[in-house]
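Let me begin by handing over the structure; questions about it come next.
Order as written gives the chain letters A, B, C and D; numbering starts at 1 within each chain.
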């Protein structure tokens, strides 16, 4: 039910590592209070979209630019659970290969076009074909069929546990079919959402302005007259804007939490990324030493995770050794402590691997990593005899460099989706974009297919936990900790954090009482 | 005059071509990451390949460059790769911001520097030393550091002016003025430091000129001698410095833009260069070169008007 | 009579003008002159007359558009820089301005040693020679270690003369060498020029705007006006009995230091208008 | 950006720069000395880093992060537990080393091209000019980022490229100076001496550009360091290399947790910047001071400013004038005038009594005019004659109240219609100047403001002093131009100074001086810069004007011919004193003072050509450096 895209999209686009996705949710649905009239919600964002065409959209921080304009097929509530939106209900076939959606019949796009099954099919087909950043989210969908005017059927090539969650995000944005071939499709979005983009009050690089859709079908989702989103790359600039009353909400890093609290800003956190090293070259193609499991385990033992969390994460987070969110079905509590800080153990493991003299590990670094990380990792690994060679790359190219295949390991920060499969399909399967060296063993293959083959949720959960154990035992990764992602709001608004997303969805904001 | 101006503008066109070619060649020296940056982390190698081909990155450099040049000659700078908008729209929306900052800074720093520089030149002694000390202090503190302090006081503590952002003048003059106050102030302090020294030197040099004594011997008021005659003679070197300051602000104000979240040319240029948004980069180079050429031409014409001896024909 | 040491024939000098397609400025129109060994030829004229240009052309510092400059029977007007350098033994210069003709950053010794070392003298020989040169121009020998700014205008001009003498040239081009000096200093420097000529037999091409100075030091005088030689002849003849009306005017225009005679001259001049 | 700024100002100093040895200049300026000293100490500390700190700048214990200053870590630790002091020292290697590299590249490149362009001029210059314009026009930060994207973030590479981008500044500076120095006579003299081109460039031209380049380098170092820190601050530098900029970047990240981290790299940058700026300014000021000792103007020497006490260049100092002896009031009484040398006539329009003019010097005043007294009657022309350094021009300026900066009337009075105009307020003086007492300067061209039309320069004082309307003032100015013998007054009225000849310019200045019918005209060497034929005409004009208006004229000159032509009375000055004063015929026919006699005998009139002018025993007055 979750989407792998939550992971480092924020990282990649914003170039800021701590703004990744998140997992488990908070409790109640925002209840609509008597809305204050004529209120504008102004948000500071760390990113700016490349295009307002849903087919080119991304997850995480980007959703705030799209949600005002586009309704999704289904809606993720604050806890990350799927709820009806444009689809009032949906049904999954027993073989998990067919999904049937029933659509609302009272929805019109802001250009007057009516929402039909045809329009939904058009959007889904277009999303797959456009080759946008998240085109892979609908990879399992082999065809979309219009059953009748208000029923649409998705046929899958294989089961995809993450598909529903994806349809609550970019994969499920539905725009007016009349706009598909418009020359302004990237700049003047037309959807059926609660707000419309006011192009005249919008300046790329400066602000995106949205006004209330007067004919919207669910007034309870329109808590503001206007929404303004201002891209502000610099966290200090955002904080200054928030403190001086220019914006009402912003994403932040743990480093400013104390200051924000001191300034009377409302601070909330949502479980965020897991951070650590991803050891890409598990077969030792580039760095033969990494092919040995003892070496990967030694790396896990060599890092003083508590010290890192305390210093870099300001203690806001939980030390772990697994990549799965506590909210996901693959989570195994004991695995959080699988690798404690143990230099001697690490040394003896390296000795076992025949590496008394250690080896050199080349990894990319960029200025947008916390400046304390690179030296700390180098020093800690140096203690067990592993020499880290940091290659400085421009922040804007960091993600491209990580995925370039030039490095056998890298520092990564991944969101922790509620659906275990999202994480698995992002980093573990052979075609996963973050399985850079296509790592695969007989055991991993077996485990993967057994997850998909499981008929029940419980069985799948069991297999996912087995997968988790396998990954931890074989040290495919070196996770250090899960961070608590802070989000700040002014006294003018109240907001509920969104599980699985570093920033709250637009629906979660409301004027303060 | 017309011949002169058109020759200068012609040279400007050649300058645009050379400058853009240099930057283009640099950008393409390592263009592998561009498609990947565009597609994000979920892209497969095949998608990256396809994107690269679609952007024309697989063509020879010279072909790519000519494609751009032909478009540019027809007034079409193409669309940004990383943003759906057209390059001209994106850049032109930022020109007012940058020009507002640059003009504001240049104007205020010039007025202040002239006052400070002339005072220092006239009184010398301890006044001179005090003013020099103040202006040196301006050079010692980095602009962004000053900016942070100013925001903390003026925006957060006293809530006098907005902490961030830009408000177009068409929307609200007061808003525009307020949104520029702090950025201009933090840039001005550094600019005054250098410029006032220049005004001081030029004024001292002019005050030593023989004609100043002769003008005084005619009973002219000190104000008239200073502000009409000395200033006009001291102006050309000062103007050259002002124009260099202005040019530097075109892309050099990026730190200040970042601190105040201002959508200026500097930050779009820096961001575009970082990710490899070549159409924007080339457009930004073109705009800056055009601005530089125009500013230099205007300064030379103005210098010619000030000093008929160097007047050009 | 002996053959001329320097012979200028039909010398034309043009300077390119700034600006597009502007015709060059012709500073000298077909100038003819000659200087015999040991002789002083005075060039007199007002600003813009081309007198300095002639001197610079002889020194190779101004272009020769056409015509020839023969030194010792050899046309030097088109010498390359190497041949020109070899001429430094024969032709030297004393400039007008003693403040800018000496490099302010070099000591007197360095300044005087420069031409000597170029000619291959070793340091020791050079320093002996410098002591003799300083003595020759009546400067104290402790002057060698000092900088030009420590000296007055007259003393600096003596240094410049010493530099010109260093290579024992046969011709010295003197470009307004006394016009920046005070009256009493001028007299002493003129005395020095004469004394040196008597002792060494060097020839002077002596350029000045002041007819009285030229008259005093020259054997023959050439009067220049707008790039042309108006009159060239024996010093006495030119200054006592000028043929050209311009020379006459020049002569009358210069005031004499005697109120009574000056009144008469003024009246004569005003009457002539 | 501020430093490109200083190119012109620095270039202006060149002439002064080469007149004093660089080293002594630096020593001579305490500011420059102290700042250079502190820079050198810092550099030494950076080089000796391993001796000063046991810590590795790149590694630390993250468990020991963000400690305050203490016994182990003197300046505390950073967010990964590295020793801040060690990082400051080792970071300084990269920051200052990078800056030095950029400066070296920029200066080597810029100086070379500047030398070539300045010395050769012509097409080479045009081509290099075009190239510099290109480099200036390209947005530097984009080039740096593109280079970084293309070839990686190696600080040395980036700084090399930045050096290339900065080279145009040096190019322009050097070219400007060299094209000036190229025309210096000493360069010509070197060519005539047979020096080869490389030798001339090396010996004569490099020396001239050395000091300005050092000043410029000091100031542009501030820019380099600023840009480098800025790039690091924006996260565009190499985060793995310790520099003060990356330290600032780290401090920014931890701004709210450990604001103290900002302090040390900020301080290091501040100290270096301040030292560089103060060093540059100090050296510049030192050069400016020496520059203000102007050399005498073209044909005749008048020391425009306080002559400095210098070393006498010869043993032959006459009893009359040891220049070192004159630094205090009352000293140096060796020059004694003959009786009547301080004569003040009755009914003098302007009378000067016991005038002493001095310039501040050490613990007192250096007097340049010592106890001068004279007076001038209506309709009279008084000649004030003397050699350079005699104080005649200082006396004239004192009468006008227009002494250069620092100069002041130490004692004595200047009386005009019963009022001491030496001590009136600036406002009152402006009422007198031009109207009661006017001035004709020596160099016609430099005494007209080149940026205003001649008409404007005449009309402006007329309107102010006579309260005329614009039209009236214009009519009067045109009439004055006609009166001084300008053939086409309208055309001259509409011309800029550079469009007219020197003789005409002097007529314009005379017209401006006499326009308000002054009672006294002070003419300072009014014909010295003119050709003899023009000189005669200008003297005629002055005579006529004086006859017409009956004004009193004080004529300052060194030329006895001019005195004989124009003056009624003459005062001879020597070393700040009047040594003799008499009616003109009497003085010429019967000079009393030996100095007057010596001066008169130095003239060339009535001397047999090609004979000695002075007996060998004449006191060598020229040997006294003014």
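Details
The definition used in the following text is that a contact is a pair of C-beta atoms (placed from the backbone, for glycine too) under 8 Å apart; a residue touches a chain by one contact, two chains touch by 3 or more.
Since the model is a prediction, treat every value here as computed from it, not as a measurement.
Common neighbours of chain A and chain C under the contact definition above: D. Set side by side, the interfaces A-B and A-D show unequal numbers of C-beta pairs in contact, with more at A-B. The most central chain, judged by the distance from its Cα centroid to the centroid of all protein Cα atoms shown, is B.
With centres set at the average Cα position, the gap from chain A to chain B is 39 Å. Measuring from the averaged C-alpha position of chain A to that of chain D gives a distance of 67 Å.
Centre-to-centre, using mean CA coordinates, chain B is 54 Å away from chain C. Centroid to centroid, with C-alpha atoms defining each point, chain B and chain D lie 32 Å apart. Among the residues of chain C, none is found touching two or more other chains. Shared interface positions of chain B, i.e. residues touching 2 or more other chains, are given as 258, 274, 276.
Shown for chain A are the residues in touch with two or more other chains, namely 236, 394-395, 397. By the definition of touch given earlier, these chain pairs are in contact: A-B, A-D, B-D, C-D.
Every residue of chain D that touches chain C in the complex is listed here, in rising order: 18-21, 184-186, 188-197, 199, 203-204, 207-208, 295-296, 298-301, 310-311, 313-315, 387-388, 502, 531-533, 535-536, 539-540, 558-565, 584-585, 588, 598-600, 602-605, 607, 609-614, 618, 620-626.
Listed in rising order, the residues of chain C touching chain D in the complex are 40, 46-47, 56, 59-61, 81, 85-89, 91-93, 95-97, 99-106, 114-115, 118-119, 139-140, 143, 146-147, 149-155, 160, 163, 167, 179-188, 190-191, 194-195, 209-213, 215-219, 235-236, 249-250, 252-262, 266, 269-270. Per the touch definition, chain D reaches chain A in the complex via residues 58-63, 65-66, 78-82, 145, 148-149, 152-153, 232, 235-241, 246, 249-250, 252-257.
Residues 32-33, 36-44, 47, 50-51, 82-85, 89-90, 93-94, 148, 151-152, 155-156, 159, 162-166, 168, 258-261, 263, 267-268, 271, 274-276 of chain B are the ones that touch chain A when the two sit in their complex.
Interface residues of chain B, counted against chain D in their complex, comprise 11, 15, 18-19, 22-23, 26-27, 29-30, 124, 132, 136, 139-142, 144-145, 190-191, 193-195, 197-198, 201-202, 204-205, 207-211, 213-222, 224, 228-229, 232-233, 237, 240-241, 244-245, 247-252, 254-255, 258, 266, 269-270, 273-274, 276, 281, 284-285, 288-289, 292-293, 296, 306-309.
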